[in-house]
Amino acid sequence: MSSSPEHHEPSFIRKYVFSLDHKTIGLQYMFTSLTFLLFGFGLMLLMRWQLAFPGKPIPIIGGLFGDTFAPGGIMLPEFYNQLGAMHGTIMVFLGVVPLGVGFYGNYFLPLQIGAGDMAFPRLNMMSYWIYFMGGVLMLSSFLMPGGAAQSGWTSYPPLSVIAPPGQTMWLISMTFIITSSLFGSINFIVTTVNMRAPGLNWMRLPVFVWAQFITAILLLFAFPVLQAGAILQLLDRVAGTSFYLPAGLVVSGTLLNRAGGGSALLYQHLFWFLAHPEVYVLILPAMGIVAEILATNTRKPLFGYKTIVRSIMFLGVLSFVVWAHHMFLSGMKTSLARIFMVTTMVISIPSVAILSCYVFSLWGASIRFRVPMLFALAFLPLFGIGGLTGLPLGFLPTDIYLHDTYYVIGHFHYVVVTGSLIALMGGIYHWFPKIFGRSMNEFWGKVHFWGTVVCMNGIFFPMFIQGLAGMQRRLYDPTVQAHNATTQILSPFQLLAAVSLLVFQFPFIINLFVSLFKGQKTVENPWEATTLEWACPSPPPHGNFLSLPQVNRGPYEYSVPGMKKDWSAQNE
Amino acid sequence: MEHNSTGIPHGKLGMWIFLSSEIMLFGAFISAYIVLRMGSPNFGVPPEAIMGRPLATINTFVLITSSVTMVLALAAIQRDNTKQFAMFMVLTSLLGMTFLGIKGYEYHHKISEGLTISSGLFGSFYFTLTGLHALHMIGGLIFNAYVLINGLRGKFNSRHYERVEYAGLYWHFVDLVWVILFPVFYLI
Amino acid sequence: MTENEAPHPASVKPYILVFVGLGILTGLTVFLSYLGLPRHTAILLAGLIALTKVTLIATFFMHLRFEKRAFVFLLLVALFFVTVLVASLIKDIGLIH
Amino acid sequence: MATIFGLWGLFFAYCLIRFRSKKNPTADYAAASKGGLLSFLPDVMVLGFEIWLIFFLGLPIWAEIKEDFPKPEKSNVVELVAEQFSWGFQYPGADGLFSKRDPKQISSGNTIGLDANDPNGKDDFVSINELHVPLGKPTIVYMTSKDVIHSFFIPEFRVKQDVVPGMRVPLWFEPVQTGHFEIGCAQLCGLGHYRMRGEVVVDTPEEFEAWKKEKTKELQQTSS
């Protein structure tokens, strides 16, 4: 397992394609997931066009989809449902999680704990390529007869069981993604437990490492359950079983020839048992990144490090016992709903605790408003909105009205997009100098920041209004129903915000690639940060550290009284 | 550079973590089985003659024996007895294959009696879970073959036997799953 | 790889004893299943015997006895989550009919 | 909740201005451990608020809406059979008894599959996409689905409940004014999900009786 001391230049394929180096694998994850994010964003633009101008031909690219998806450029309802399902799946499983866990975890977890690589480099490489294959399969499902999966990203049976073959493809590619996460999480846990540098005990770990560690545990325990759910659904589709099908189903006039006896709710339980911890998989890495950026740019220790760590652990455990709050109105036993309302309310406490610790960290600080800090600061109130708007959904009486409306969509987009994604973008600005040894342009970074934040709010805030007006999710053409027509005026505005959001990503993409080759060269530790990743050269060489770092202090020792400089690195 | 904070070998820790995730996988399947068996209006439990309790009991013995030969193989390599190690590994794999053979015969018998994967919920669960278990067995056999070949090449001795141990952990886990599946499908 | 210093049993005697125990338990559970006991008792007994067998295999064959507590903790966490899942599912779907 | 968020926002903004690096060039190391118990104030406030919500509002209201059903004898009882993409309401007719349904008997003339052999079904009539309910009396709807999961949603009534195949899920409401209200489907049920809509018509009791009579007459005409 130890790296051989002799230095011979590996071939191109070994170095960049089938690399075993955690940094290369991390970058592969980054570029792949950013591509998927952009693709998923494109799907969303198409949907927003249909919502803003129902039944009007899609401009410019409308002709490309052919008669099976959009005859004459006018989107078919089937195509709209495919876009919806694939947007959700791609953004969650192929975009945000691989970016937050695959890229950040792979690249910075070993660096922050002072390790030379992951515990199992080969497993790490396999994890990436399995994820990649899963992603390719997922995209190619658009070419299946009848198109891609179209039963929502949740794929509730019986609808998903009677859906066209794209759904089978979805299930197979989910199996790939699950396997990839499993390999990844085993790797992360073993690395964190076993490969910490001497002196780096658990309470000296940066919050980022804690967040990644708990995330890996969530993935480890939650994903196999969806695996089981997906296998059962696959068998329902291809082997004629009826795990999720009750007897006597009549689909478009014909009696389904199945033995029956299954339960449609069983799948929902198995799915949400994964998918609620999945929410924390989306948000925890982001919280970790925000902690790092905040500490560096406030030039002071984080407020309540121990409270934050304990809250993260508490969140991890609790996230396994709240899943049924997605099912309050699914026909589930009403008494079960009572229990899950209580656990759901309880889980908001650690989130509030983490967020307040972050805000209190600003007190007495010397804030440097640099681009990564702007993103981290935007995370705080926007994630706050996302979290607080979740309360009415976890609260039974209000959930009856708000469940499955646009209010839900607004809520989780505030959490995942203006929460997670904003932090993940900030992290790229923060660590770019470490990854490439060059820095990104500050001015274009600020343009990207302001444009992104304003446009995101422009898309998602109106969703709360639409949801309160009773507009249901996943409607191909909401104007058909009278109560939804009242808020239709907001939709063109949301489309405009969405298109502007796309425009504001170009400064980022161009900035990223130009800085990659032409950016100003930086020193090892440009932000004067304390954690271990800044103690190795930028970009880190193979094997990362020139000598094994010895850790002497906690992660955020900034502005220690009596010191000449305002930071004391962990390995000093 | 190589440094280990806890002293547990990476491989052993990784294997246990993997096994705990496997517990979740089988746990989810078995919970689905339990609730549908309790709650479904037509679960379709077949008569005992189709299930064939005696044959399954023999199969259980076969698997338990393979587990003990596996652990004896590990004990042998820990005493540097490569010959005995190889013998026990071969025995383990043969017993594993016997198990799969009997399973194949059982499948054949059940399908010819009309109990198939689509004939009812019981059949669906039976074939899904035992099929998944059989796939794990095949994975274990491959792992065992890899360990056996490396052992014959002299890669293992009383100080380096980690991979034998990992193969053993996996093999015992597969045995352990069967210990639960056996009463679930054949006895109750 | 470092030297493996975990204290393993020197003799194979415990393995053989556990093997015999597992065989007897298997015979016992099959025997019980033919008695036609009341359903709840039968399930309870079969479950207890399976649990004993699982514990035996894990503690002796998988050397859990000699490992760090962390492994046991890991397994208990998994078992806890499975229990939560089963309990909720039974309450929701299992008790409909 | 908004109050907490507002206070929080003020604190946030104040910190950003007060502690910018120009104004405050050196950070305060000790500030990280100041505050003590006071720092748990937001947690405690939220916790207190939530306990109040759960025990004084959440549980009692949930019990009233989803658990304490009015007595069927004193209510207007309707069976709902949803399908892709319409709502079929089955009324018991004059005898007040519902016919059994048999999926094998579903045909274009019998969309919800009323059992022809059931004597209770002779006077049962079916209304597609139009639910008539009387004012001044609670209505109980027993819901099931022929094919996939739907969700019965009347925005104006603030009621919503998933309609699951293989289950019979009840829902109740009591209208407070007459008029026409929209029914929507809130659970993705296929390509026609967006156009799966119906109408609740709240009649005065007299109008309701008249409508039922008319429906029964229609039924006799078609069967004779």
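The chains carry the letters A, B, C and D, assigned in the order they are written, with residues numbered from 1 in each.
Following the convention adopted for this analysis, a contact is a pair of C-beta atoms (placed from the backbone, for glycine too) under 8 Å apart; a residue touches a chain by one contact, two chains touch by 3 or more.
Keep in mind that what you see is a predicted model, and the values were worked out from it rather than measured.
Q: Return the chain whose centre of C-alpha atoms lies at maximal distance from the corresponding centre of chain B.
A: Farthest by centroid: D.
Q: Please find the two chains that have the most C-beta pairs touching each other.
A: A-D
Q: How far is the middle of chain C from the middle of chain D, if each middle is the mean of its Cα atoms, in Å?
A: Averaging C-alpha atoms per chain gives centres 45 Å apart.
Q: In angstrom, rounded to a whole number, how far apart do the mean CA points of chain B and chain D lie?
A: 48
Q: CA centre of chain A versus CA centre of chain C: separation in Å?
A: Chain centroid spacing, chain A to chain C, equals 37 Å.
Q: Please work out the Cα centroid separation of chain B and chain C, and write it as a whole number of Å.
A: The answer is 14 Å.
Q: Would you mind listing the residues of chain C that make contact with two or more other chains?
A: If we look for residues of chain C contacting two or more partner chains, we find 1, 77-78, 81, 85, 89, 92-93, 95-96.
Q: Can you pull out the residues of chain B that are in contact with at least two other chains?
A: 4, 6, 8, 17, 20-21, 24, 27-28, 32, 35-36, 39-41
Q: Would you give the residues of chain D that are in contact with at least 2 other chains, written as numbers and ranges?
A: 167
Q: Following the definition at the start, I'd like every touching pair of chains, please.
A: Applying the touch criterion to every chain pair yields A-B, A-C, A-D, B-C.
Q: If we count contacts the way the header does, which residues on chain A are in touch with chain C in the complex?
A: For this pair, the touching residues of chain A are 1, 221, 225, 263, 265-266, 269, 273, 320-321, 324, 332-333, 335-336.
Q: Which of the residues in chain D end up touching chain A in this complex?
A: 1, 4-5, 8-9, 11-12, 15-16, 19-21, 24-32, 34-35, 39-40, 42-43, 46-47, 50, 53-54, 57-59, 61-62, 65-67, 83-84, 103-104, 106-108, 113, 146-149, 151, 153, 155-156, 158-167, 169, 182, 184-195, 197
Q: Taking the touch rule as given, give the residues of chain A at its contact with chain D in the complex, in rising order.
A: Interface residues on the chain A side: 76-78, 81, 84, 150-152, 156, 158-159, 162, 245-253, 255, 260, 262-265, 298-305, 307, 329-331, 334, 337-338, 341-342, 345-346, 348-349, 352-353, 356-357, 359-369, 377, 380-381, 384-385, 388, 391, 395-397, 400-401, 403-405, 469-470, 472-478, 480-483, 556, 558-561, 566.
Q: Applying the document's contact rule, which stretches of chain C touch chain B when the two form their complex?
A: Touching chain B: residues 1-4, 8, 12, 15-16, 18-19, 22-23, 26-27, 29-30, 32-33, 39, 42-43, 46-47, 49-50, 53-54, 57-58, 60-63, 68, 70-71, 74-75, 77-79, 81-82, 85-86, 89-90, 92-97 of chain C.
Q: So in the complex, the part of chain A that touches chain B is made up of which residues?
A: 1-3, 115-116, 119-120, 123, 182, 185-187, 189-190, 193-198, 200, 220-225, 227-229, 231-232, 235, 239-243, 247, 258-263, 266, 270, 273, 543, 545, 548
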